[in-house]
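Both complexes below contain subunit A, partnered by subunit B and then by subunit C.
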Partner chain A sequence: MTSLLILFLGAIVVLYYGINKPEGKSLLMTVILLLAALSSLVYDLLTVKNRNVLGWLTEYVPENMLIWNFNSIAFSIVLVLAFLLVLGLFSRNNYIGADLLGLMLFSVCGGMLMTSFSNLIMLFLGIECLSIPLYVLAGSKKSDLASNESAVKYFLMGAFSTAIFLMGCAFLYGGTGSLELESISRATSMITHLGIKSNLIFSGIILLMAGMLFKISAFPFHFWSPDVYDGSPNRTTVFMATVVKIAAFAAFYRLFNEGLGDVKNWWGVTLAVSAGATILFGNIAAIRQSSFKRMLAYSSVAHAGYMLMAILALPQNGFWALLVYLIAYTSSAVSVFYLLDRTSGENSNFSFDNFNGLGKQSKWLSLILIVSMFSMAGIPMTAGFAGKYGLFSSIITSYPWLLYAALIGSAISIAYYFRVFKHAFFSEDGTLVAWKIGTMEWIFLALSLTITLLVGCWPAVITLCK
Partner chain B sequence: MGMLFVILLSPLIGFLFSGIIGKYLPEKITGWISSLSILVSFIFSLQVFLDLMPNVAEPAGGPAFEAIGFTFLSVGDVFVDFAIQADRLTSLMMLVITGIGFLIHLYSISYMHGDKGFYKFFAYLNLFVFNMLVLVMGSNFLMLFFGWEGVGLCSYLLIGFWYRNAEYGKAARKAFIMNRIGDLGLLVGLFLVISSCKSLNYSDVFAAAKSGSLSTEMVTAICISFFIGAMGKSAQIPLYTWLPDAMAGPTPVSALIHAATMVTAGVYLVVRCNVLFEMAPAAQQLILWIGLSTSILAALIGLKQNDIKKVLAYSTVSQLGLMFIALGVGAYSAAMFHLITHAFFKALLFLGSGSVIHGMGGEQDIRKMGGLKSYMPVTYYTFLIGTLAISGMPLFSGFFSKDEILATVFTQQPVVWFLAVVSALITGVYMFRVFLVTFMGGFRGTETQKHHLHESPALITVPLIILAILSLVGGLLNLPELFTHDHAQWLKHWLSPVLGNAQDALHHPSHSTEWMLMGIAVSVFIAAFLYTRNKYISHASVPEEDAEMTGAAKWSAHKFYVDELYDKVFVRSTERLGSTMDKADGGIFAGLMGWVSSGISYMSGLFSKVQNGRIQYYLLYMVIGVILMLVINIFK
Partner chain C sequence: MLLTILGLPPAFLLLSFITILCALYVVTNTNPVYSVLALILAFFSISAHYVLLNAQFLAVVNLIVYAGAIMVLFLFVLMLLNLNKESEPIVKMGWHIGAAVTAGLLLVTLAAALHKSSEQIMRNPAEDIGLVKNLGKVLFTDYLVPFELSGILFLAAMVGAVLLGKKQTNSKENNNYSETSSQ
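Right after this comes the complex of A and B.
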């Protein structure tokens, strides 16, 4: 709770503090805020078991609105870390005024509500609080038509999905008489024990699922994401691909796996079909892209499909697998988006050709490109493999066919992830202009590289805090 | 056991050393230090081997060693440790990998002299040895998979080592992707194991299999998946075409990775899982026939190749096929025997060809060589020993290991035996052809080449001589019972704790039959020698140009058009569908797509139509999606 307060109040301060101040200062302030929130979260995580028997921290929390248990704190930590990485790598040379920083901070506050909700009202507030700043951020490159288009698109479709989600909440309330996660969980499991199938509750669950599937951009609600990812400024795209995805998956996991886990036989197959279709769609569509950014957008759709497996898994297996995968995906995605951002320079053409000659420019950047791509493709010794292994092995007994879809999908993905190597290392006509890399950027690049390799070589490190 | 970690980590340290500071040091130091890191592993492997030996205190031999590093993964209730082990099977593989690895490192110091990427080459080579050791030393399937992927990666890096040449880059990618297809099979097998045994440790899985808690269908599915993995790594039909292309890499790489060690990983996998394969006769039959067809097809292609390395590459594919024939009939120790002797003589032949290429200033076409006997005597004699060993000259190592396989096959499937003998005959013919055309007759190259011709330096010839000695005496490892009673079948006895009952069930032919089989093998060898001698020495003919060939010879020279077939079936059909796909890049990747079948290609055409950028449509899809989800679920 402290961390949420720090971020929320801090966001207001940053917004007004920065009106007449140079950009650097508000950035520094944001970073300090994030570090403060992070340390408070880590403190919470370490003490969560001692606070009370159930491990629930209820002291500051309005009754039955937010919950700070181990899972929600762990998700929040990953969320804040991801934001830190994004800020560290995407703050130089771009305009990042106090207004945008404030918006991003508000968005992260929404994300934290999503990771720690215990009432559907809070989840809804979180989603809105996360999304509304995003609509603005997507259009933050004001002079760029594509950016404007993506903002409008995102807004319209987001509004639509919110309506579906709210409808689901209403149905569920009608069926169970409560919006609390715990009461809903109890009511639904009682109904299954009695052997009744309530269509009201059931429709509510399906509508909620549709709303969440939209947020994580899964089939058939993913159509917005390639267009919006492609059109938004790079910083917003990477924010959406990492921070927003973490929040959405945490909420999805907590709502479905923890809250509605007892009625999995109602929604499991539907979600599994969606996951399989997402994986295949994302990977196959990514193969044909000539724009690196669009390829990443489709690949992000595919990654969402893999992560859906965690929601289908048994609670503890799913949680750890999801956590490892989120970390793996985030750490490699920020580096790759950073390289994409820098190789494209000032123009908004993101073709593979931008990478021509990267190999000659810099050894370390090549290493980062290789490791990140390997991690995304799931090659062993990188975090991506550990994540995929965890996810795949968690659903193998319950949904074997989904596993095969995922294996085929990840085999296809090698084709497009490795395509960039041809441009980076085998191409002769290097037009790439070297750019200056600040100390801050090196630190964060090294950090993400370390995470990718450390988690890859020793995935159990994540579970140490258990 | 700390010793095991020393063995494993020494090459890794060598890799870090050459990779990070090797660039700033003189070539000699980088080369020697990374060679020494392998030597350290070799010495400790030898120690492990001796510890496993039966002695007075422990007549049955020491126990298998195990060492657990740390808990690698703990997803849910499945824990996987970073654990390594050394039992009798592993210790043999370790000796082969580090022993031959060390010789090839020494060789490379001279061979790669003056190359811009000298330090990089040694870094990759050390990394390869590390990964290969992970593969064989791991005590669970995940470690094996790690090593498996790791060696694939190193092979990719080393094939494309001279990456300025676009063709080489393409060959590297082809190897990588073909291997990935195989790896997919291995991965499926891995997940089948998890789902049926809830563990990835060898001991747990094999115990579960022995206790009969796995159904035959499940075991067969696991075995076939594993074999698909082995097909990729060990270059069996239909995934063999990458290996000949992989010859684009520097020659020491071909010797180490694509002849002696990495390509035998598939054989190792099957031997390791012999408990499972014994329970799946269907999978064994598949292995037998795939191995047999690979062996014959590759030998036939080898007949008409004129690139010295290509001949050896096809020969490797063919010999691997022979090992799989042995595995198919359950003769695991015979397969291991052939694996070891093959590692000796094939590494020797590759290094010899490297010496020739070195001496010829980069020329690889045997038609432009000839008469090298007088210029490069050491290479000549060692290459001769290698040729005799692979063609089955009596008392050479290849003779014994091949004979062991053929004798076992004869008792089970005489037809297969006959075809395998044919394959052995062809092997003799193409090997003598290469040998005679290269070293005998008159020199056919240019004057400058002739002027340049010289024997290679000691760093090249010493490994050749050592390997030649090993190829000569390697047969002692597993002498047939015909020759000696006390020391017969040493290797088989050595491996008996790993192989368990699998070996005892095998019937051995009677002594008279075995003499007969041996006689046939010898006459096959003599026939091959006489035929080629008559053709290339007495008539002094030189292999014809491709254009002059007709009929079967043309088919052989064009590798039976398999590459073209793959191109037509998988690549073209998908290219037609994928209009926006990058044409230049399409080759292999489109080939990969082909595996996913045309149904998906059709879908991918649909996808681009669906993603049209219009928000009305997107909203429509969403509504349809929600309605479908509701309707299907409520009214089902």
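Right after this comes the complex of A and C.
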């Protein structure tokens, strides 16, 4: 709760301070705010009483419809860290004034509500609070038609999915008599033990699932994401690909695996089919792209498919696998988007050719490109491998066919992840203009590289905090 | 006779009939202004549903916010956009059929799943929760934190509206714009 208050009040201060000088010290203030929130969260994590990731079996004390147990604090820490990485890498080249920073902070507040909700009302508020600033951020490059299009598309799709989500909440409330996650969990498990088939709850779960799949852009509801990712300014795209995805997956995991885990036989197969289709579709569509940014958008659809496996897994496996994968995906995606942002320069053309000659220009940037791409493809010694290993092993007994789909998808993904190497290292006609990299950018690039390699070589480092 | 067979109150049936009729008129009419006017009527009859459910506060708020503010906004936007037949985007027939089939399937599935589930609904013990007094009491005690947090939501929406509406004065951003637009 302290971290949430810090971020919310801080956002107001940042906005107020930036009325006349939008680019003044607002970035520094935001970074300090995030560090304060992060330290408060780490303190909470160290002092949390219940260190069991299976929150339901032991003590469960929600406070003001929010719960700060081990799971939610861990997800919140990853969320704030991801935002810090995004800010550190994208503040130099892109315009991020106090107005955009304020909106991003509000969005992160919504994300923290989503990671720590214990009541469906809180979850709904969190989703809205996360999305509404995002619609504006997607359209924040006002003279660019693609940006306007992506904002309108995202807004209409987001509003539609929220309506479906709310209808699911209403059905679930009708069937269980409560909006509190724990009561829903108890009511649903009691109904299954008694052998009653409640169509009301079942329809509610399916509608809730459709709403959440919209938010994470999984297969039947993925169609908006490539256009929105492609059209938004880079700073917004990376924010959507990392921070928003972390919040949405944390909420999805907590709602379905923790809240509705006892009735998994009702929704498990549906979600598994969606996950398999997402993986295959995302990877196959990504091969055909000539724009690097659009390729990353489709690959993020595919990554959402992998992460859906964690929701199908048993809680003790699923939680750690999801956490490791989120960290792995975030740390590599942030660096790749940074390279995309800087290689494309000032124009809005994001083809693979922009990377021509990167290898000659800087060996450190080449190393970062190679490690990030290896991590996204899931090559051993990088965090992506640790994440995929955890996810795949967590569902191997329950959904073996999903594992085959995921393995085929991973094999396909190597084709397009390694395609950029051809341009970066073996292309003669390098038109790349060297850019100046500030100290702050080096620090954050090194940080994301360290996370990727450390988690890859020693995945147990994540579980140390237990 | 039909009314007694269905076992539903006649007021509910009448209101539902009006609502569905209005909603159909909204969808099928080609003139957007008539559509909006029919939508206002639909909102009125939905508010009447709320009154039947003993949720007076919701009924009033629905009238003020939807039928009042949002529909007026709709009408203004329609008049500003000056929609007519020529400016209407051409949508292929296949999309219409696909959308109708999909929505119809959802309707049939939900209706089939829910048509006998009224006995499964958990009754709320407080039947008069929709009265203004009780709702206010709950809102400022049990639901205080979500109520306060919705303030973040509105603040964010306001800042976003200002951001989208204001004139661009930042030089760095303008440089980016001119270069992107010159391509």
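Just so it is clear, the second predicted complex is superposed on the first by the 449 of 466 C-alpha atoms of A that agree within 3 Å, B and C clash if a C-alpha of one lies under 4 Å from a C-alpha of the other, contacts with A are read in each partner's own complex, and residues count from 1 in each chain.
Please note the rule applied: a contact is a pair of C-beta atoms (placed from the backbone, for glycine too) under 8 Å apart; a residue touches a chain by one contact, two chains touch by 3 or more.
As the structure is a computational prediction, the values presented were derived from the model and not from experiment.
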TODO: Go through the superposed model and pick first if A:202 touches only subunit B, second if only subunit C, both, or neither.
DONE: both
Task: Which superposed partner A:288 touches (first subunit B, second subunit C, both, neither) - done: first
Open item on the list: In the superposed model, which partner reaches more residues of subunit A, subunit B or subunit C?
Closed with: B
Open item on the list: After the superposition on A, what does A:109 contact: first (subunit B), second (subunit C), both or neither?
Closed with: second
Open item on the list: I'd like to know which partner A:227 touches here: subunit B for first, subunit C for second, both or neither.
Closed with: first
Open item on the list: If we overlay the two complexes on their shared chain A, which of subunit B and subunit C does A:438 touch? Say first, second, both or neither.
Closed with: neither
TODO: Go through subunit A and flag every residue that touches subunit B in one model and subunit C in the other.
DONE: 199, 202-203
- [ ] Spell out the residues on subunit A that touch subunit C in their complex, using ranges where they run on.
- [x] 8, 12, 15, 22-23, 64-66, 95, 97, 99-100, 102-103, 106-107, 109-110, 113, 119, 121-122, 125, 128-129, 132-133, 135-136, 139-144, 171, 174-178, 198-203, 346-349
- [ ] Using the touch rule from the top, collect the residues of subunit B that touch subunit A in their complex.
- [x] 70-78, 82, 142, 145-146, 149-150, 153, 163, 166, 169, 173, 176-177, 180-181, 184, 187-188, 191, 194-195, 578, 580-582, 585, 589, 592-593, 596, 600, 603-604, 607-608, 610-611, 613, 615, 617-619, 621-622, 624-626, 629-630, 632-634
- [ ] Quick one: which bits of subunit C touch subunit A in the complex? Just the residue numbers, please.
- [x] 110, 113-114, 116-117, 120-124, 143-146, 149-150, 152-153, 155-157, 159-164, 168, 170, 172-173, 175-177, 179-181, 183
Open item on the list: With touch defined as at the start, can you tell me which subunit A residues reach subunit B in the complex?
Closed with: 153, 156-157, 160-161, 164, 199, 202-203, 206-207, 209-210, 214, 220-221, 223-224, 226-227, 266-267, 270, 280-281, 284-285, 287-288, 290, 313-314, 316-317, 320-321, 324, 379-381, 386, 389-390, 392-394, 396-397, 400, 403-404, 407-408, 411-412, 414-416, 418-419, 422, 425-426, 458-460, 463
